[in-house]
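Below is the structure I would like to discuss, written out as structure tokens.
Here the chain labels run A, B, C and D in written order, and each chain numbers its own residues starting at 1.
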């Protein structure tokens, strides 16, 4: 079976390790992901605040391509990309006039029969059934699962049952032998929107997230969104200034954590690309007793 | 004796039924509807894919009704009609035993309406291929061409009302066309009057017709009138998701509504 | 056809559109005199056959109007009517009847102006379309002839 | 042979200015069946009407058409005149020559032509008119009041005091409703129970009121003036006649850990219980779902301790049939509970409570005897945050409407907290403060100015627990939109007012309509706010929409007066414009084929299944539809719907409508 894969810009750049680890895990479990050929920007950062038509047309083009390339499902790991893709598809399927218009723009037919998968949906559908036979390690650490905004909301798109307090990542981490903690900042804002323009705000917001995780004894923070990761990982110096204390909890992508539990070598998961050393998280790992 | 024949004979013997409506071979070797009145006649019964007639129509006939316990053999169309007619409260006065032969030709005797309903819903048929082709052809025409097509067809109509006679859904004791105060439909078989009749018929069957196609097959003028109701069903399903002969509780498009039904055409 | 004046019949409900038409009167809003209003208690009462009959008897256009959704004096008459029109329109369209000669509308008791504008608009469209002859010519033998040629081919 | 009279009115200049009225009259005279036609300056004037009356007599007219203003204006007038003239008033029709001709068109051939067409149309109609007579329906002068909250109580007392019998049905073991749970009431801060309990007792003791508590309406059939209602009296397991309400049973009952509904789950009650001390009737019932006798088959303590042997475990539900003429629906409301709010912890934080729970905490008869203490640890909170509009006015939550009472009771709550703990801090997050009502805004101002409650205009985005405190994150949209956080000890959510769980099924039992939030629908939002679309069923209180006590009470009295109006005469008369299913000689009986698909169509559930029986054998000969003239409002939807025209609408028959159309178009007719 052929599952489509849309990396989007982040996973090509700042968050290479996200796609790297996702592909590694998939490969480990014998699932092949086919990158959509000639995919283009999802328009997340700017388009939808500048030009409504464009914000629908951009994702539509990629989706139409996926359809033409005979894909029935597409995994979209980046939370922002997923949001835009899903929004665009919804808009077109719900309003024939929008569909017609958009097809005009992209000059391609769009049938809307590709199913979009969040990283959670993908893991649940394709990895969980086979995971146990590949999981060899027990992560053996307290982790704070952090969702941020776009993974959980808007409800209509992400289809999460408890958008204010989701449990999807926890399920994965428990499988990987970690102990997810109950904490308050799961779905708080990390300041992504300002990640470039107002790092001071990022520091403030992300700082509070880190602080609460630390206060509640988390040994690692698990994320599934490139922006969350970079803000929590990359902005430590600013955060340190803000909090007047040093917090060195590593921030791992869910796929990296899962990869570790499957015994995939750290470098294949891109763990060395992080700013905050992930050594702490790795060191906790123990062999899973049979 | 075939399974069917045995079953029916058995039903007669244990007194479940005292009349059986089914198919037999006519001299022409064409299957025709037949009425079996005792076990010994059961061996006449046959079933082949050619058995197309919608036997449900006979369930309205007083002669049939009077022999209270009626067995009826149903092809899909007949079964759907029975489901639809149940939702229209038509069988309060008879006990019926419904038989059919499924895909791996086992004889099924439905214990109750629920069973029948489930069977129908599981094997719910689609509009036949050639009908779909014809509909597609008509859609490909311009409005004027369609108008000419149908008015020519209606011109051929001789108002024999065979279409009404064979339709299990046309059970009114007095049809609108017989209603003369006021006279809704012109009596003569002029084209305009014929068109009145066929539009009325289509409207009255819209959302009730089970697409058995009898009206079309029976029309001596060869008018494909079954397409009218077939199209109605298509559109009603598209608009409201209702399917005739699908539920005994009835899911009739025209006596229900949704507050948000589409109304793009209303100014 | 310059001096053609269309005959337009309006089937309206008593509570909203008829009252709306009255309001157009009390506020002296002028509109085309081509329309003849037939008053029904509710759009739910309007039989689809009456449309056919109107056209057969020489109407060039028909307006059907009642209370806006949720405003029906009888709570749901207009909803049932709406389904009936959706169905009837698709039938007429299928047999090739010119459905643009039928105009459906919601005109409330407060929309006297909307009523006047509606009538003018419909009158103009129908005037442009010209007289409706498709049904009146149906019974003329011409068509029959055409048909016999067809089958004797 | 018809002899129709046509009377064309000039309406001063109003019609004659643009319509050639003489011509219209002349043309009318030529129409077949017209025996007399005339035009006159003012038809509605006395001389005008006299002319009509005289003409009817003199020319032996069988029907008249008055070409004048809109029937909505003067139909009644001219029908009276027709009656004076000696013909049935329904044999008079009006041609609308003013509102729909002279006032909307300029003087022209076309305008006059239109007038003539309309007159011709109405002449055809009147020819088809048949005599109609107002429908008389007998009225049973007993009212049913469903629900024993303040609205139900008010309605019941008003009707009973007017001298009519009232039957009250309440599903709880006691009447009193939500009001009995309240601590103090705005804007006067007088104690709720002090003003309520006397009325409860009055209901119990009123000679005209029969009270059924622990009972529910099972079904409603019939129609205005003649409802047949089935009421289920749930088994109380206690013989009300024997029981003295001494209370030894519930004092001894071993199942003591059942969440107490009356205290909004903040305390526990026993399995055999009276909901609260001032309950009416003040006698216990057994909650079978939680009673060991009924669940495990052992115990029986209450039976042993009861001094009068009133406990009866074998008691069964009883269904009683009652006949009433009118029904007042006062089934009340419910509120959303804290578990409805993911962002506020899915109800997992003990010290995040809803308004009713606060009422119980603040109530002297409550679980804390009126001391406001945290449910979690019983500590007195030093800081309380009140969140107004919790759920209300929030599309994302599916509740677009304003719950109306929250602004006021939140102010009241904050005030009461401050009165009880002077150094406590009270914060209120609000969207807008809606305090329209007598002395309402003054009340809110008092909270702000005298009791210094901190009002913060903004929403609360999240609440979470951190080392024993509740962190309330919100924004102050007035203080240059700063996000703010408050470390509170307790949070009170003014949760949205919603319809009862079972509101939909209740509405369906009564055949009344309801909105998408399951609040019951009034017949007209402005002009008939206390009636429903089903004649004879009225609404009172919060079952229609969120209401505070004064509103609920005034609507209840309004509903009561509607009922009294209905009861003011032995018979009620109704317009004869109703649908009828045709009837004919046996063996056909009717052309109706009994498909009964029309039953679904009727907005008033006026169409019933009729079984035509053989007089001797009693066997069913035919099943057909029958229109209940008591319920039918004459919309005619069923008429257009009926496939073989078996139903027709008096006053708008198929015959009439069709001949109108034909008359209109085919000229000359």
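Please note the rule applied: contacts are C-beta pairs under 8 Å (C-beta built on N, C-alpha and C of every residue); 3 or more make two chains touch, one makes a residue touch a chain.
Bear in mind that the values here come from a model prediction, so they are computed numbers and not experimental data.
Interface comparison, B-D versus B-C: the higher count of C-beta contacts falls to B-C.
Chain centres here are Cα averages; for subunit A and subunit C they lie 57 Å apart. The geometric centre of subunit B is 44 Å away from that of subunit D, both derived from CA atoms. Chain centres here are Cα means. That of subunit B falls 33 Å from that of subunit C. Note: centroid distance subunit A to subunit D, computed from Cα atoms, is 51 Å.
Residue numbers of subunit C whose C-beta contacts span two or more other chains: 48, 53, 76, 80, 84. The multi-chain contact residues of subunit B, meaning those touching 2 or more other chains, are 184, 254-256.
Counting partner chains per residue, subunit D has residues 601, 641, 654, 658 touching two or more of them. Pairs of chains that satisfy the touch definition comprise A-D, B-C, B-D, C-D. Subunit D contributes residues 342-343, 346, 462, 464-466, 471 to its touches with subunit A in the complex.
The touching residues of subunit B, counted against subunit D in their complex, run 88-90, 92-93, 171-176, 179, 181-182, 184, 204, 250, 252, 254-256.
The part of subunit C that touches subunit D in the complex is made up of residues 5, 7, 9, 14, 18-19, 21-22, 24-26, 28-31, 33-34, 36-42, 44-48, 50, 53-54, 57-59, 73-77, 80-81, 84, 116.
The touching residues of subunit C, when paired with subunit B in their complex, are 48-49, 52-53, 56, 69-70, 76, 79-80, 82-98, 103-106, 118, 134-135, 138-139, 143-144, 146-147, 150-151. The part of subunit D that touches subunit C in the complex is made up of residues 70-72, 96, 98-101, 103-106, 108, 110-111, 113-114, 117-118, 121, 513, 521, 533, 577, 601, 603-604, 633-637, 639-641, 649, 652, 654, 657-658, 660-662, 664-666.
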